[in-house]
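Each of the next two complexes has chain A plus one other chain: chain B in the first, chain C in the second.
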Partner chain A sequence: MSPLVELRDLHVVFPRRRGPVAAVKGLDLTIEPGEAVGLVGESGSGKSVTVRTLLGLTGRGAIVEAERLTVCGQDGLRLSGRAWRDIRGSQIGLVLQDALISLDPLRPVGQEIGEALRLHQRLPAGRRRQRVIELLSEVGVPAPEIRARQRPHELSGGLRQRALIASAIAGQPALIIADEPTTALDVTVQAQVLALLDARRRAGAALLLVSHDLAVVASICDRVIVMKDGAMVERGPSRRVLTRPSQPYTKRLLAAVPSAASRGWTLSSPQRQPLPARTVDPAATVLAANGLSHDFKAPDGQVCHAVRDVSLRLAPAETLGVVGESGSGKSTLAKILAGLLEPSQGRVDLDGQPWAPASDRWRRSRRRQVQLIAQDALSSFDPRHSAAQVLTEALRHLGLDPAQRRRRIASVLELVDLSHLPIEASPRTFSGGERQRLAIARALIVEPRVLVADEPVSALDVSVQAQILDLLARVQARTEAALVFISHDLGVVHHLADRVVVMKDGRAVEQGPADQVFLCPSHPYTRDLVAALPRLPEPAPEPLASIPESVPAPASGPTPRPLAPAPAPTSEAFAETPERIHSHV
Partner chain B sequence: MTTRLIDPALAPGWPGAPIETAPSAPTDRPADLSATRPAPASARISTAPGDQTTAPDLAPTAQQRAWRRARAASRRRWPLGLIASLAILSVVLTAAFFPHWLSQVDPTATDLMAVNRPPSWAHPAGTDYLGRDVFARIVYGARHSLLIGLGATAISALIGVVLGVLAGISKPWVDTAVSRFVDILAAFPGILLALVVIALIGPGLVNLIVALGVSHIPSYARVVRAQTGQVVRSDYVEQARTLGWGRFGLTWRHVLPNALGVVPVLATIGLGGAIVGAAALSFIGMGPQPPTPEWGAILAESRNYLRQAWWTGVLPGVALTATVIASTVVGRTWQASSERRTP
Partner chain C sequence: MVWAAATLTFIAVQLSPGETINTLLGPNSNDPVLRAQVIQDWGLDHPAVVQYLLYFGRLLRGDMGVSYIEHRPVSELLADQFPATIELTLWAAGLAVVLAVALAILTSRPARLGRAVSQFLELAVVSAPPFWIGMLLLAVFSFRLGLFPVAGTGGVRAVVLPALAVGLPIGCFLAQILREGLDRALEQPFALTAQARGMGLGAVKLVHALRHAALPALTVGGLAVGNLLGGAVICEQVFGRAGLGQLAVNAINSKDIPIILAIALLAAIVFVVITTLLDLVYLLVDPRLRGQSQWQEANA
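Presenting the complex of A and B:
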């Protein structure tokens, strides 16, 4: 049988004002019928452009050239718009990342799927409605008759994604292309969607799965192609590529994935090195929350309990991971801890002094003790400010003279590896990793006691994420700041956190040392979460000998960890005792 | 080798062959990409028609073809409309500040021996019913029209910004009070509101400016309020709060600079509207009184003679229309580029 897709020496170039920009530089790709191929790469690697080329959707002005571009037996370089429309849907179905924006918000999903059917099959209206219901139940939507009449916003993320898959398979395409189909989804839903795609594949369709997540690709693909900067880096059977990669880039990519095994070790260096040690004194408390609740009033008058009766305690230099799926109240908790939102009930104490609820006046002089690191670093910078202004602004209330300020800025930039940065430039000109480093630098420059990081790495590529995670660990060892690390990514939290809080529907369902929570979870919800996590195949021992088999002993319970002695605090202001700070309030 | 778009329907505006003028094969691209492949170019036999220049073994690779096309498409095209608009505005500004550069004739000098003369060398835009030089009247009229437009825009922008910022940063009840007041202003059609103000304070140049200014307040106040609210709720203001900034510091450092960036853009777009409004009010006799050359007033005077002397009405009208369109085009272009710049 001839291949469904055959690309040889594909080049896609976008003309830009400052000269052409190449998105794909000489890619070869073949997909045989019934095969599952994974396309892996970081942002900017050209994977999405490749996918769009296969559908003739590269967009306005894009220039596509190839030695061969065969899609479903037709020459893609010569196809008319009309011919592409015949291919889309009936021969190739596309599943995109965000079903909420991929589905028409004004139309019931059943109608949307019916539309897809109507384009490719001649069926009487009644029969078509019946087929829509069949499709919805095929993709595992419960009560399909009801769901078909609902609009996208009335469905949960998982159901929406299923509806999108249903419309993609309505024309019974020979090839399903899924572009980051699970990136916006929670782990448990992700597992279901992946299982669904795998089922379609077993039913005979070929699958091209595009993802930045190696574990997602590993879970259902036969072959993997690793892309970087528009070109292929490595290809092969997924088990081989993901366990015994031959290219340095693939090796680095795999080593950068945080997990239980990487705990206590650096992620970003090619050879793993132990992370600097911290001493956590479990008897000391820097931040304590007791019975925190927060209620929102929805516009329709319904009360929504975002956080319900959460208590937690944070020791100096400790890392507390908060995991939970979307809507579990993680971000609300972060805002309460950062003093940006008053709890409806309960209280937060900082160094034994009330922190929330408290008057703004009382809090203002102590604000810098608790610093927030946001997911989207760029939006946390004033768009008119340069990097230098961002940092100086943070220092405004410390009463330093200009020379001290300059020194402080230089030392904090060195701490986050940004000394090379053109500091008078706008953060907009920085890369994602540099922006997040700058955000961390701003948080650190006021020498806080507590850092609250709300999904600080979830918008980053895995190799940049590795650098930021290493940086956070290093910074924490240097400054002894306690860290509340909020994430939906269990691997990241397991890698970094000493203790973990698992949240669901606003409640803390489980709390304990990271290894205990993830390796032998006691709450059924935690068990579901852990089970749903897609995993990389077990690495073969020989080529990865550089990664130690035994990881450092995890912190457990109340015993202080036998780690290296604490390094000296970075500066004099940090050694200021809480009493001295409060005395002038 | 002929080149083809992958989907002409999806790529309008891409002419099929910009290739002939394109520079030759790319040289600054890394060669190793194509070198790793088993020489596809030499193995291929070119059969495309029109491919007389290259022998089969010299046919460009896919990479070379793509870059050649992209280079041609990358060339910058000048926005003609913007250039024309800037040219018109500079002529109008010259007329407003240095009218004698453009016309040495006195715009109020009458010549009853030469009434309603068509355009000629002596009178480039003809003469009106009193024998006044229409071109001179258009040139000298620019000052009044522009002055009214700028003055009214300044008044409405100033008051609108104060109200908008106040509503955006204050407690909900202040916001509600200010917003309802603005809603009441907006409920009147602009020209009607201006007429009401003139009825209260009387006609004249300054009063016209005030009346027009008041009637345009809502459009500024509403946009500024929305912008302010957006900035107040933004991540960076929240972040600045965690650094210990108070309400005043936040407003001064973050909210005002970011919320007011839109005002100059709005004012440029609004200027056109204000000039039209001024002309409309002058037309019905609520503005500067004759014989002051003001575009609206000129139009009103010429109304009765349009049959005999179209140039007395059409040419000032063209000047007015061109000015308004030009300021709108400049404002919109500015708006688009400032929207592109903010994330």
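Presenting the complex of A and C:
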């Protein structure tokens, strides 16, 4: 059988005002019928442009050149608009990230699916409606008659992603292209969506899965192509590429993925080095929360319990991970701990004195002791402020003279590796990683006792995330600030946290040392979470030929594969040798 | 809001310099019979609070008083002029919408040359003074080509040119807003998804993007229609049409206060009706707003 897609030496250039930008530089890609191929890379690697080129939708003014661009047996370089439209939807289906905006938010999902049918099949309206219902139940949407009449915002993240997939497979395409199909989803929902895509694959469709997440790709793809800056870096069978990569970039990318195995080690260096040690005195307490609850009144008048009866304790220099899916109350908890939201019930003590609830006057003098780091660093800065102003403003109430301020700023910039940066420039001109460093610098400059970080690395590429995580570990060892690290990413939390709180529906369902919670979870919900987590294949010495025909979906695995025990020194181990603290700083 | 407008007009009359009776009567305030009638109509021999209640009671019954210059009830005068205004408004609004949608669809992405030309023309029309457009249209279509009558109110042919003169600038303005909205909607992932389904770009614009672009355009368009209903003064002057604008100008010139009050009140009512209608149309266009409908009704 001839391949569905054959790209040879694909180049895509966008003419821009400041000169042409090459988005794809010499990519080769072949997809055989029924095959699952993964396309992996960080932002700007050209993955999405490649996908759009396969659909003839590269974008305005794009210059597409290739030695060969065959799509479904036709020469993509010579296809007319009409011929492209015949291919789209009927031979290739596209699934994008986040169905909330990838399906028309103003129309019922059933209409969107029906539109895909109407474009390629001549069906009477009644039969078409019936087929929409069939498609929705095929992708596992319960009560499809009702769901078909609802709009994306009325469906949960998982259901609307299923509806999006239903609209992509309505024309029964031979190839499904999924561009970051699970990126906005919770980990348990992600597992279901990946299982669904895998099921379509087993039903005969070929799959091109585009993702920044190596583990997602590893879970269902036969072959992987790693891209960087528009060019292919490495290709091969998934297992080989992800366990024994041959290229330095792939190695770095894999090394940057935080997990149980990386605990206590750096992520961003080519060779793993031990992270600087921290001394955690488990008997001491800097922040203690007792029976915290917070209720919201929803617009429809119903009371919503965002946080219910959560108690936790934080020792100086300790890292407490808070994990949970969207809507679990993590961010509300973060705001209460940061003193930005009064709890409806319960209390928070800082250094043995009341912190919340407390009067603003009382709290204001102690504000600097608890600092917040947000996910979107840029929007946490005043858009008119330069980097220097961002830092100076944080110092305003400390009563320092200008020379002291300058010294303080210089030393904090050095601490977060930003000394080289043009400090009078706007943070908008910085990269994502630099912005997050600046946000961390702003938090650290007032020498806080506690840092509350709410998804601080979720918007970053994996290699940048690795740098920020290393940085956090390093500054924490140096400043001995306690860290509350809130994340939906279990791997990140397992890598970083000493202890973990698992949240669900506002409750802390499980609490304990990270290894204990993730390796032998006791609460069923934690077990579900851990089981749903897509994992990189373990580096194993087994021969490569034994790739199974179809990799089982991650959700179907009864128990998580045992993780390699971390060879890294734990913080407790270092507690006995505090003299090592500065050895790597 | 209507109540506020009514109260304000009442206060304006009370506060205007000179005796209230002279204000109401206008220039011919020396006729003793008329004076007696005004005092009775407006209860001017009672205290201000009673006057206010009387005034309000009459309004509720639909009685807006009598023009002491025209010697006719104000409501009759309004009823004479309002149909012409509505006729012009509907024609102009329809024309503006058709023009705006056509221009926006044709010249939104990826059109380049057409877009630049259209943007230039739109800017020219929007910035041109309305009476100038009207005179230009008259010069070309009436005087030169003789296609349409020069002045007058009756018949469809008489309304075409005034509707063009009023509708063109509104249409061009709306086209600018719609096109911007279309461009923004076409950048959204759902537009890519729709195209990836095999939909043509034109169909994506019509079926998906237009609805997203319509919300901001509706706000602006609705207010423009409201303005027209209050009377298109300049256009009515240029084309010698009847209408509320004409009535208002005449009333102001002859200091016919009851008519001016009634027109101000009518404008307030028109705006309340229009904004309420707009809120309902928003809910139709963007069902996501339905969750907040209670809040919107409370605001209307």
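Criterion: the second predicted complex is superposed on the first by the 539 of 585 C-alpha atoms of A that agree within 3 Å, B and C clash if a C-alpha of one lies under 4 Å from a C-alpha of the other, contacts with A are read in each partner's own complex, and residues count from 1 in each chain.
In this section, contacts are C-beta pairs under 8 Å (C-beta built on N, C-alpha and C of every residue); 3 or more make two chains touch, one makes a residue touch a chain.
Just so it is clear, the structure is predicted and the values come from calculations on it, not from any experiment.
Of the two partner chains placed around the shared chain by superposition, chain C is the only one that A:Gln97 touches, whereas chain B remains out of contact.
Shared-chain residue A:Glu393: touches chain B; no touch with chain C. In the superposition on chain A, contact is made by A:Ser80 with chain B only, not with chain C.
Looking at the shared chain after the overlay, A:Ala174 reaches neither chain B nor chain C.
Of the two partner chains placed by superposition, only chain C is touched by A:Gly89; chain B is not.
In the superposed model, A:Ala374 makes contact with chain B only, not with chain C. When the two structures are aligned on the shared chain, A:Ala205 is found in touch with neither chain B nor chain C. Legend: residue contacts after superposition of the two complexes on their common chain; A:Glu115 is shown touching chain C, with no touch to chain B. When the shared chain is aligned, chain B and chain C each come close enough to touch A:Arg60.
Residues 57, 60, 81 of chain A touch chain B in one complex and chain C in the other.
Of all residues in chain C, those touching chain A in their complex are 109-110, 188-190, 192-200, 207-208, 211-212, 285-288, 291-292, 295.
Of all residues in chain A, those touching chain C in their complex are 52, 55, 57, 60, 81, 85-90, 92-94, 96-98, 101-107, 112, 115-116, 119-120, 151, 153, 164, 167-168, 170-171, 299-300.
Chain contact summary for the complex, chain A toward chain B: residues 8-20, 22, 25-26, 28, 53, 56-67, 69, 76-82, 84, 231, 338-340, 360, 364-365, 367-368, 370-372, 374, 376, 378-384, 393-394, 396-397, 428, 442, 446. Contact residues of chain B toward chain A in the complex are 3-14, 29, 33-34, 37, 40, 44, 61-63, 65-67, 69-74, 76, 234-236, 238-246, 249, 253-254, 257-258, 261, 342-343.
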